[in-house]
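Shown below is the structure under consideration.
Labels run A, B, C and D following the written order; every chain starts at residue 1.
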Amino acid sequence: MTTGTYTMRQALHTAFDSALAEDSRVFMLGEDIADPGGGVTGLTKGLSTTYGKERVRDTPISEAAIAGAAVGAALEGMLPVAEIMIMDFVGIALDQIANHAAKARFMSAGRTPCPVTFRTPVYGGSGNGATHSQSLEAWFMHVPGLKVIVPSTPADAEGLLRSAIFDPDPCVFIDETALHGTRGPRLDTPDRRVPLGKADVKRPGTDLTVITYGRGVRDALAAAESLSRDGIEAEVVDLRTLLPLDLPTVLDSVGRTRRAVIAHYAVEFAGPGAELAARISHDLFGRLAAPVARVGSRFMPIPASTRLESQVSPSPQKIEETVRKVMEDSRG
Amino acid sequence: MQLDVSSQTPGDETLLTMYRTMTLARACEARLRKGFGSGEFAGVIWPSRGQEAIAGGLSTALRRDDRLVTTYRGIHDLLAKGVPPAEIMGEVLGRGAGASRGKGGTMHITCPEVGVMLSTGIVGSGPPVAVGLALAARLQGSDRVVAVCFGDGATNTGSFHEAVNLAAVWDLPLVLICQNNQYAELTPVEETMRVERIADRAAAYAIPGIRVDGNDPVAVHNALSAAVGRARSGAGPTLVECLTFRYGGHYVGDPQVYMAKDRLEQAMRGDPFPRYERFLIEHGVADADRLAALDAASVAEIDEAITVVLDSPEASLGELEADIYADLAGVPR
Amino acid sequence: MQLDVSSQTPGDETLLTMYRTMTLARACEARLRKGFGSGEFAGVIWPSRGQEAIAGGLSTALRRDDRLVTTYRGIHDLLAKGVPPAEIMGEVLGRGAGASRGKGGTMHITCPEVGVMLSTGIVGSGPPVAVGLALAARLQGSDRVVAVCFGDGATNTGSFHEAVNLAAVWDLPLVLICQNNQYAELTPVEETMRVERIADRAAAYAIPGIRVDGNDPVAVHNALSAAVGRARSGAGPTLVECLTFRYGGHYVGDPQVYMAKDRLEQAMRGDPFPRYERFLIEHGVADADRLAALDAASVAEIDEAITVVLDSPEASLGELEADIYADLAGVPR
Amino acid sequence: MTTGTYTMRQALHTAFDSALAEDSRVFMLGEDIADPGGGVTGLTKGLSTTYGKERVRDTPISEAAIAGAAVGAALEGMLPVAEIMIMDFVGIALDQIANHAAKARFMSAGRTPCPVTFRTPVYGGSGNGATHSQSLEAWFMHVPGLKVIVPSTPADAEGLLRSAIFDPDPCVFIDETALHGTRGPRLDTPDRRVPLGKADVKRPGTDLTVITYGRGVRDALAAAESLSRDGIEAEVVDLRTLLPLDLPTVLDSVGRTRRAVIAHYAVEFAGPGAELAARISHDLFGRLAAPVARVGSRFMPIPASTRLESQVSPSPQKIEETVRKVMEDSRG
């Protein structure tokens, strides 16, 4: 099990499967997740057959109730995983996530913790248009009490999802369907978890740090390869969780490279990169060789035409160009 | 769908428990009002004066390990479920004695030890959470039941609809208690829905819906007991509409400019207390003196609790770092 | 509440208009499927094969200035309301000929010139918007009516509940058309609600709810006409449930692993086309040759339209800066 | 009418009143806004009596439908003002705001503009606790297609609200009940509007720029007075709208003062100030005398006890301390 490779789709399935197997408090609820369908993308296939439809539950199309029911079960010590089928639909469930799950522990002074996990995939890149393609993680980052997770590799996906499920606090776990087919080495940590709040240097480098997560890691690594051919060695820091945010790792890296580019598929304006850029610029004031640059989605709804969408989203090329520009603009 | 409700009068002990609950709720509100009015202390409550009979029925229909979800207008419900008065008043006043030591506030009182898992200030958001509590009971193999209280206005929220549907589909052990006090803030119920009986909304989910006189604790007790029984047996949820009225306005201090005077007067003629006292006396459950003594005991209990509250420290700044997460590691900077 | 539905057969012209609409919808879907299958072009649609009779009824029950809101599974509805096929297929294929030149996509086709104000991909979100369209009609002093189409699954959303309640309270000129195709993505309707007839949900709002055979365009036409008449007269909204089936799966390419084979087979025996063709022939409205000619004309119209679409340029990058706001001043950087 | 003073409450009422009077496309909908109640804080008192309950409409408690109905009416060319009674409830209506209102123009390639206004007050400072006190404007800033407005003075409130109502695009207008009693000079622009997207220098200064909006302006002005006594002259820039964001005015000011403090009541982490700090640090790289500092709400749900809340929120004192620190830390 701990050798060889698997896809992110298999990794997510494995995480659900093992969590259901090892702890009876774990259960899942969401639209169309049970067999025979096994999820609109087949991701949860087999789970309801193995663990029963009590523990892998189909729901009506009722995002507010799905989220709320998960909150309620979590208040009883269960470890629910609620699926909001596509991230763009969170606007329906946000009251339960932000006003209830996130605040249950604090408002009760610790009497009612809420160890719920919301899993919600991003469908960006699928040509489905503006209401089925968004990356809205910045909304969750701004809600004290939540944890926000976006994996970039299959092993991280498995390990972070398992950590989220067993975490004592509410987690929003965001996977991107564009990465579901990505293949990578299997997770090999002893507890089959990856800790929340620890960034991972996915590629070491000396000249510049690209700070990113999710699809951005894929793009940044591609950009880094290409840059390396020209002698520019970019370090790629995969945040893995946006909240908690592993600022020490980021600052350590940028402290060495003195140059930072932040990349993500969320809209650049007021996106996750804004906080990072603000922190880096603040904490490394006077020590940077160039201003912190950002590569996010352009400021507009996402067009349905994939031809147009590709112009709006980040890409390895855009990251590469930005890195080159930062290198050129550098002083000292 | 039908619900089989007993028309029998419960035993004396039950009847008196309900009376005690009702008087405790009235006394608690009166004490807080007095303190607000005299400037003794400051705080906000959404009064339940007029709705105490529902609390009465609630206090005897639920088991201690059953769960309750209620709203900002839930002090009577909390007392019915056994939350210590000092925890309630302490939270209203932002004191260390409060259920969450001043961090939650009136709207957000929980007391899991007696089954109160949530009070919410977001109208309509209680039912989905209650669905989850009921689901947990099922998954944990417990036969406990969940009751969720909400207002007439809450039945216009999408959240209510989604929750009832989900509970119905899953046959969950849930009792949905609509405290129809005929107003949502400044707006009377007939302006926000065309149905005359909220209980009729149950038909959209093929579950039983029943309306009872919410000012009659016996009627409430019997209806809730039937619904709880149905839930505990695994037969699924019930919507119980308790028709009542809100005598004290939306919040303490509400000038009620929107309220037709005769409507309020007419409603107050149905005050649950005198009616129930007559009933208890006529049925030989207690005489007037005994009732006065019970009432006095409730007042005394509240007085004692407020002393505890006022002796407790103000909400402590040391609280701030705690309970954001299980540990501090997640907190930025 | 009752709705007075005519049981008369509409005139020949109406009957043939419905047939034309139905064949146009079938032809459009077939042409797109063919192109996807052969690799001629790429795109995604959520097929309405099986639901064409509803489009038939819609095309004759609404006035041109009446409004329509539909969903991702709305190509038949759009055609019924008069959206040019090239605009639809152009949008599906992301071409300059598309309703929004490739910026919206299949799920988001609008054509205000013929009254299509919204297609949405968010299940349940159409009804609230339709409420606003109907309110605008009232405020603007127009007697136009708004029709909103949605699926069985959508009636489990809170959004649906809030919208119907609001329309009922305000007596708005709205016709709520539930195209109950018995599936929501992979899940059959009986697993997501306990009511047998979605029409019964109307009772929660005290408005008429009626179920009709959604595979019979005459039944649909008569029910919608009655509901439209009620709406236009100012009497308020109606919920019309059209019972039908989704023959082509959730999306083109759906392997339908979740579908019981006999359920699909059984449903396909109710295909609206052969039934309606028999009806038209038996009633002497048209003979088989005439019907074949009408069908061929629809196919030809679609063929012509797809040529226009494929001749039009791909979605242009120049589009990107436009339509974020009324002008560019608001766009950061 | 254009002389003398009024409160922000009166200013908002005036804006609604004049908009209803001058354009029949304007109408309002929301919970409890009609007479005799006239709004939970009495703000809309008299409007339904003057303009009728067709145009000033009470609604059931149905935030998703309120927002959606406003969207629909706007698609027909009406100019609706939908009230979400307290900002913390937007999680219920966000699908209609972010997926429908914000994207209607773009997804239709301009065929269905959506000139709706969502008015939603912030109740922070009222002791109502974590679900009735939040400042969530950062969520809206991250949604391309919306405009986001937060006034700090009565005149701005009137003028910006009128601009929002008549704007061809969807606006989120955020007023803070803590400022409703604030008194200030009446608006005196000829069209009784204040343009969206134009920041306003509320106090000129030479040493440092405080960039803020809403309640933050009140606090910053108080801090500036106090600092001035010690010879520190802070310029106070009131953004007025967060989207469009008037970066030129901000950069012009900070370009002169070379020091910036950003203050707001929204949670600091991933809040509106993050974007500002990132932009200032980027665009004025190498020209700042000190790192850009931020004063936002601390990272936690807002406690109900006002005693505790005051420790979590910004204040004139905290702004003042931060300014002093920035001055001290400055180089060059």
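Side notes on the structure shown:
Quick note on the criterion: contacts are C-beta pairs under 8 Å (C-beta built on N, C-alpha and C of every residue); 3 or more make two chains touch, one makes a residue touch a chain.
Values in this document were obtained by computation on a predicted structure and should not be read as measured data.
Note on interfaces B-D and C-D: more C-beta pairs are in contact across C-D. Most remote chain with respect to subunit A, judged by CA-atom centres, is B. With centres set at the average Cα position, the gap from subunit B to subunit C is 45 Å. In terms of their C-alpha centroids, the spacing between subunit B and subunit D amounts to 36 Å.
Inter-chain spacing, taken between the CA centroids of subunit C and subunit D, is 40 Å.
A straight line joining the Cα centres of subunit A and subunit D is 30 Å long. Looking at subunit D, residues 59-60, 62-65, 88-89, 92, 95-96, 99, 103, 106-107, 129-131, 144-145, 243, 269, 299-301, 303-304 sit in touch with two or more other chains. Those residues of subunit C in touch with two or more other chains are numbered 103-105, 108, 120, 122, 156-159, 162, 165, 169, 191-193, 319, 324, 331-332.
Interface residues of subunit D facing subunit A in the complex, by the touch rule stated above, are 64, 88-99, 102-103, 106-107, 129-131, 136, 138-139, 141-145, 243, 266-267, 269-275, 277-278, 281-283, 285-286, 288, 290-294, 299-301, 303-304, 331.
Within the complex formed with subunit C, the residues of subunit D that make contact are 27, 54-55, 57, 59-60, 62-78, 80, 95-96, 99-100, 103-113, 144-145, 147, 168-169, 196-197, 243-245, 247.
Of all the residues in subunit B, the ones that touch subunit C in their complex are 156-162, 165, 168-169, 191-196, 200-201, 203-207. Against subunit D, in their complex, subunit C makes its touches with residues 69, 99-101, 103-105, 108, 110-112, 117-118, 120, 122, 125, 127-140, 158-159, 162-163, 165-166, 169-170, 319, 322-326, 329-332.
Listed in rising order, the residues of subunit B touching subunit D in the complex are 43-44, 91, 94, 102-108, 120-124, 153-154, 156-159, 184-187, 191-193, 250, 257-258, 314-315, 317, 319-320, 324, 331-333.
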